[in-house]
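All remarks here apply to the structure that follows.
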């Protein structure tokens, strides 16, 4: 079997706090707890979580924009060296959430597209022109856009340009960080379908990050649910929300407004996220969990197989029958 | 109106440009002009008045020709001022960009140094430098430039930090660009306008500063004189021969004023916010410019909108954000307005109480009736007394919509105080009651919190409590849960639902989410390009949408539980509301379009604005 | 009082002033070390006698390495010994303190004046954007920031002292007559006004744009939606929020007022520090310059701490 496209081993990030007079040194805010994860070649792994769950921090570590505190990233069997942007840029690329602010307002689209081709692949002008027109053809953008500036484009078009730029690097892995959450639903569907086509055409591997459960479910092969910096559930896309094993995933699934379901407040207890400065012992979801018992307060539950490759980090996983 | 004023501003800038251009030209030509030598003394002709023979502006205490000295002095002052500005801007910007881009320790060390320099009242530093280097014009230039470097550095650093955290810089890094290249090609082009603005607004200041040092005798040394030292030398004869002071003084004033006018113009021209009118002060109530007072519509509900038209007038374009919307909501009813961004749903909601920012917003037609009261064109006093008391609002982003510097309790009490007097203790009690009503735990403690001390969900509850403060009849909720996480959204929605049932509130609920509409609203209106395209009972529309747009839009939304699949998309984009096509606005993207769709006004009939509506049987699944 | 000082934020700001003060002393020392030639002669200037030079050399250890000289100088200053002005033949600190009083009265009055006038003008201007009040204020402000304060001072003397005889032309006290508060106000009026003009203009401009920035914020719309009266919207909601960006400007402007005081003191013969410094520079009385600069800079550092503390009370988001 091939090496996985992406392998994370104990990857974590702790942000140091500013020096304070009366704080012991070495303490910080843990944004991502150690994550170990394999993404096979050609898979779309969805990552879902609410704000503050660490999903963007994770994404930025993967593309070398943020130094991990511990752990290692392997791409296609080789360790990722993020010292040289010209090296990792060829192997993994990133599509940003805000399509407009990810394009320099003072550069033409051609200049933006040129950068990866020139810096990463050292192409000359003729090669670049040829390659750009190929890429634009793949993402169905007209070549006359090349001499315009970003502000002349709508969100959906700008996001296509962002995707085109990522493709220009010829990386085989794309990190898609909320690529459609700034877009309206009718445009969102256009972009999602484009991404699906590109993947089939070019054999890409996606890491699709979003807060929108339905979107993640619609595009992913597997889904990882993040809560308070940890993966709490990981399983096949069709199972995770239909038959969640972790109580938090069930809460998420029940909270999503769905046509045809009556309005209920899905929880009545503590609703706040834990304080990152004062993280709880044991399971971070304990305070909001209806099934919490003493053991949940002892140590964070390990992420393990709860049957047929469906992983959950919970001492009291829900039965498939309970749903 | 703002357009005319902007023009007037530019005219001032033009005047500044002409004046300073003339002065600079004369200064450049000075060596070739038929002037007397500026430094030749002629004590027999001292203190000649203005317009005397052979000395147009008179002579000074040594009998030197004032006009000649003025021209040569102007030349010197301008050169020194511009040079100082250029040096300070270049060095300051370089320091600021490096500090702002690299951040961390580099930034820390550099900015500590800058702070240190800024800890001096600037003239002390200038005086110290001149004291060390000795008086002289070049030393004054060095002093003035050096003193201004920290100001530039700090300013540019702030801008750079903002740009360095933009996503396009990350993207450039991922495109394999080195730090130097990113600074030069990504950061610098975005910082240059700020540098130019900072320079154009400080050149005048630098000229004043160098003139000041010369005035004190620390700048240019006799016999050579810039404008400052001319003034300094004339000071002793101020009372006897004021013209020797007035001539150089007025010249400085003219130069600096022209430069400042020009600088303001440059700033205005380069600041995109000014162009878009985003720096306009919104009026207390939206402007109303109706051609005619519409006949009072049949008051069907407690709040009735008929043919409401709201426009944005930006430059010479008219954006018809709301192009004739009629709606009505009954007591105890929840009406949903759903649409994509730019469909006009929020503007419709804000128009009701005149809260559309104006300029550029203008209510151009139609009427809004609350009970029997016409709101469009109502006097400000009437509108104000109804705001919050009868019709209250809940807005989208609860952090931005609460005042950051007042305690939430005080903001609640204020909401009450706007409409009836209430004592301190009573107010506090009532505020706690309101917090309890929106199920905020530990209300008596949280009443003293500031908004930033609360989570997003709690802040939105405050927003709701504030809307409830005066027991209004109607609540207009403008995407109140869009900024919230799903688990929190579910709580806020169920709270709103409970409240409206307990209190018999009429709610107008703006959203882009069909799921939310389905769960909360009795009726729904779908908006597209500023108009309602379909309206009716929520159930009926969700089960069998008749307008092709509604049907297609619903099909775009993935539903949870559907597994991995391809999504339906609507090709193309909504039309720009400044340039709406004739006929149906959706025709361009519609698969059912026929010739008659692109002609004339298409009415809203039987709850749908479509000539060829989807019939029940063929509605897409 | 003790609790006030022990407030962690204030304590932190006070502690952070120490390196700034040290930095200031280093900068001043470094600048003075730039003076070419024999330092003792340069410091003593033309007033030097051989004995003076010898005494100074021993006093300051000018033959020692620079670093050592700095610490000797710093140590002396910390003990209140700023050296001796040879031109005036008295201790630097005595002279500085005496002059500082006069400057404080002048600059303090101007600062209060420009803060109040500037903020009011800015708010009124923003609230009536593009109205006649805005245009009038904008024009006056433009005039104010374009006119050199020393020229304005001279014109005021010519008009109000010489021609109209409303105010005395110069000085701080009448030569004959009682030194009461009215005499002071009489002498203070013109210089204080002349000094505050530029800063008023700058503060008015910044207040105007800060207000315009705030008036478009969402929470202003919330206030209006609640039914707050427009007066309350402008003065209670908008100004309060705008003050967060105005206060730091006031801190910077205090430095500008202090700087402008140098010119005004020269023009109006006000017996303050600024005039002393200019005279000292022209006489090359280096120790007096050094002492005066360090003293004023230190005062300004503490003033800025006060500004920061005021800011922390105004903005609860600033955490310790």
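Going by the order they are written in, the chains are A, B and C; count residues from 1 in each one.
In this text, contacts are C-beta pairs under 8 Å (C-beta built on N, C-alpha and C of every residue); 3 or more make two chains touch, one makes a residue touch a chain.
Since this is a predicted model, take the numbers as computed values, not measurements.
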Legend entry - Both-way neighbours, i.e. chains that touch subunit C and touch subunit B: none
Legend entry - Chain closest to the middle [Cα centroid of all protein chains]: B
Inset, instruction - Please compute the C-alpha centroid of subunit A, do the same for subunit B, then give the distance between them in whole Å. - result: 33
Inset, instruction - Find the geometric centre of each of subunit A and subunit C from their Cα atoms only, then give the gap between the two centres in Å, rounded to an integer. - result: 53
Legend entry - Parts of subunit C lying in touch with subunit B, wherever the complex brings them together: 19-20, 23-24, 27-28, 31-32, 34-35, 126-127, 129-130, 142-143, 145-148, 150-151, 154-155, 157-158, 162, 209, 211-213, 215-230, 232-233, 237, 240-241, 244, 252, 254-256, 258-260, 262-263, 266-267, 274, 277-278, 280-282, 284, 286, 289, 293, 296-297, 300-301, 304, 314-317
Inset, instruction - Please give the residue numbers of subunit B that touch subunit A in the complex, ascending. - result: 166-168, 170-178, 181, 185-186, 189-190, 340-341, 455-457, 485-491, 493-495, 497, 512-516, 518-520, 542, 552-553, 556-571, 573
Inset, instruction - Flag every residue of subunit B that touches subunit C in the complex, lowest number first. - result: 1-2, 5, 112-113, 115-125, 127-133, 135, 204, 208, 211-212, 215-218, 228, 231, 235, 238-239, 242, 245-246, 249, 252-253, 256-257, 260-261, 264, 278-282, 284, 350, 353, 355, 357, 380, 384-389, 392-393, 395, 397, 400-406, 414-415, 418-419, 450, 452, 463, 466, 469-470
Inset, instruction - Give every residue of subunit A touching subunit B within the complex, in rising order. - result: 50-51, 60, 63-65, 85-86, 89-90, 93-94, 96-98, 101-107, 115-116, 119-120, 154, 156, 162, 165, 168-169, 184-190, 192-193, 196, 211, 213-215, 217-221, 237-238, 241-242, 251-267, 271-273
